[in-house]
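Contents: one structure, followed by commentary.
Labels run A, B and C following the written order; every chain starts at residue 1.
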Amino acid sequence: MSLWEYANPQKFMQLSRRVLPFVAAASVLCLLGGLAWGFFGTPDDYKQGSTVKIIYLHVPAAMMAINAWVMMLAASLVWLIRRHHVSALAAKAAAPVGLTFTLIALATGALWGQPMWGTWWAWDPRLTSFLILALFYLGYMALWQAVDDPDTAADLTGVLCIVGSVFALLSRYAVNFWNQGLHQGASLSLDKEENVADVFWFPLLVCIAGFVLLFLTLVLLRTRTEIRSRRLNALLARERMG
Amino acid sequence: MDLHVTDLAVARGGLTVLEGVGFSLLPGRALVLRGPNGIGKTTLLRTIAGLQPAVAGSISAGAEAIAYAAHADGLKATLTVTENLAFWAAIYGTDQVGPALEQMNLVELRDRQAANLSAGQKRRLGLARLLVTGRPVWVLDEPTVSLDLASVALFGDVMRGHLARGGSALIATHIDLGLEADVLELGPYRAQIGAGNGGAFDAAFGEDFA
Amino acid sequence: MIALLIRDMRLAMRAGGGFGLGLAFFLLVAVLVPLGVGPESATLAKIAPGILWVGALLACLLSLDRLFALDFEDGSLDLLVTAPIPLEGVVAIKALAHWAVTGLPLTLVAPVLGILLNLPDAGFYWLVVSLLLGTPALSMIGAFGAALTVGLKRGGLLLSLLVLPLYVPTLIFGAEVVKRGAEGMATSTPLALLAAITAGASALLPFAAAAAIRINLR
């Protein structure tokens, strides 16, 4: 049995129906547990006070905002190379979720930046990159919406996703070059001295797991909806022909 | 240049419209496609011309042998008749527009802008393009739309000349061009509406809806 | 191929081809910005590089939706796809023609607008160099966007939404060259990066754009 078997829409529907409740429940547990632990079970930061606690939303959302695009890129490649419809529909389903995570990261970043930097918004490279990422998501979704034929839309958005990935990466470096920013360095690299202390680190890990599971839940749910609506259209078309 | 089409299936908007189409077109012959509106004549011709992929089956002639002409003539309104034609001649590497202008009776209009041509004159210019391609297999979709009787006769002569030079033509038309042509009725090839019709996606579901 | 280049440039120059539109738009931007931000020379000198680059970019965007849409509507695109030249070549040539009638004239008039915006003397040379190196990338990226949206009914607005994020790196490096040049700083790094984007876009995007056109035509 190969993994590709689940690219068959019917097999995917069966599997996802069984898996979905567990993923959803695990996601709720992780998010509630991680956020409660983070908000009430950790000390205030000696510099940032209690504002630091927004990290439990900000960091996981930012990570998933990027990972969602990477997942869309992988799904688009699978569609363009192997022509599995589920893959194309999963990429379509992931885009609004990724955009939402991007907006959450931007909004929580603004809320965090106000007390720390004294401003809601600064043209810092990281902030700017996320704003540009949001624009990429918007363009991708707009193209899906504009094209009527589902296979044509899947092909075009797939090509856009590949080219967009290259340019998103380029933009990231260009923006870095353009302005050295206020944003602190990565807090989670495995080899750095300045990592956040363990007390913050463990609840953050639980929150990240919660966001990954939430992403999975939403994408599965939305992919199922997309498959159903595609199937519905096919049946309607057949009825018209018959 | 022979054109062999074997067991061809073509799709429009994701739905297979024709399947099992097969014919051979030999040099000097013309084949007329007949069938009611919407049966998929245009889709079939576009597939053979290489503008869209076939669902199944094979087409023997490469796209390099085929000159395709459809409803739109590909004319630029601000270019003159000669400029329009010379452009296509250059693209196909033939550079000879004089004979084509003569054969389609466009010599007097040669310096007029395409915007100022009548619909029938535009159509004649569009068909003159076929002559400058230098390609042996003409694939024509309703070539006589907006032509008057005299022009239809003129085009019939051009077609006969093309066939006499060893060319061939595949034509979707309802009008008799006065050619000695074989006729292919597309009715029997209409695709069955069934489980596999929507492609792999719907085939996976079989008959039930999960 | 050369015939296609000549035809596209000729079409752009003839009446209704929209040749002057981009230039007029560029001029308007350079006139409106001082009216908006005030006449202080110091302020204008500071923002001139950015304004000129943004203006050139928007002027370039203006004519993009016609790049393939006109050929699509009159059937030429079908015929070009079946013609003996590769579609990738068609795309590259059409992008080149677009550059020759928009990017190149924009580059040539940019110094005049630089005077209007009080660009420091040291900046003029770098303005022309950066636009000369950067505008081909704008046309090529735009051709990719136009290829994605060819055949769509309301393609124009969508085209801007798709293309503008892709313009970000070009804009950043281009404006950076002029800014650094105007301040008398070294420009070689952003200039090299700008040239790299143009080279990369010209080499790879014709394939992506041709793929998009084939998808759209079927």
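Just so it is clear, a residue touches a chain if its C-beta (ideal position, glycine included) is under 8 Å from a C-beta of that chain, and two chains touch if they have at least 3 such contacts.
The structure displayed is predicted, hence computed values, not measured ones.
Novice: Using the contact definition from the top, classify how the chains connect: line, ring, star, complete or other.
Specialist: Its topology is that of a complete graph.
Novice: Could you say which chain's mean Cα position falls nearest to the mean Cα position of the entire protein shown?
Specialist: Looking at where each chain's C-alpha mean falls, the closest to the middle is C.
Novice: Taking each chain's centre as the mean of its Cα atoms, which chain lies farthest from chain C?
Specialist: With centres defined by C-alpha atoms, farthest from chain C sits B.
Novice: List the centre-to-centre spacing of chain A and chain B in whole Å, with centres computed as mean CA coordinates.
Specialist: So the centroids are 48 Å from each other.
Novice: So how far apart, in whole Å, are chain A and chain C when each is placed at the average of its C-alpha atoms?
Specialist: About 32 Å separates the centre of chain A from that of chain C.
Novice: What whole-Å value do you get for the distance between chain B and chain C if each is reduced to the mean of its CA atoms?
Specialist: 37
Novice: Where in chain A do residues touch two or more of the other chains?
Specialist: As it turns out, chain A has no residue touching two or more other chains.
Novice: If I count partner chains per residue in chain C, which residues reach a count of at least 2?
Specialist: Only 218 qualify.
Novice: Would you tell me which residues of chain C are touching chain B in their complex?
Specialist: Touch residues, chain C against chain B: 2-4, 7, 10-11, 14-17, 71, 73-76, 78-85, 217-218.
Novice: Chain C touches which residues of chain B in the complex?
Specialist: 46, 49-53, 63-64, 66-68, 70-76, 78-79, 83, 86-88, 90-93, 129
Novice: Can you tell me which positions in chain A touch chain C when the two form their complex?
Specialist: Going through chain A, the ones touching chain C are 132, 135-136, 138-139, 142-143, 146-147, 152, 155-156, 159-160, 162-164, 167-168, 170-171, 173-175, 177-178.
Novice: Would you pull the chain C residues touching chain A in the complex into a rising list?
Specialist: 144, 148-149, 152, 154-155, 158, 161-162, 164-166, 168-169, 172-173, 176, 189-190, 193, 197, 205, 208, 211-212, 215-216, 218
Novice: Provide the residue numbers of chain A that touch chain B in the complex, in ascending order.
Specialist: That would be residues 8-11, 13-14, 83, 85, 149-151, 230-231, 234-235, 237-238, 241-242 of chain A.
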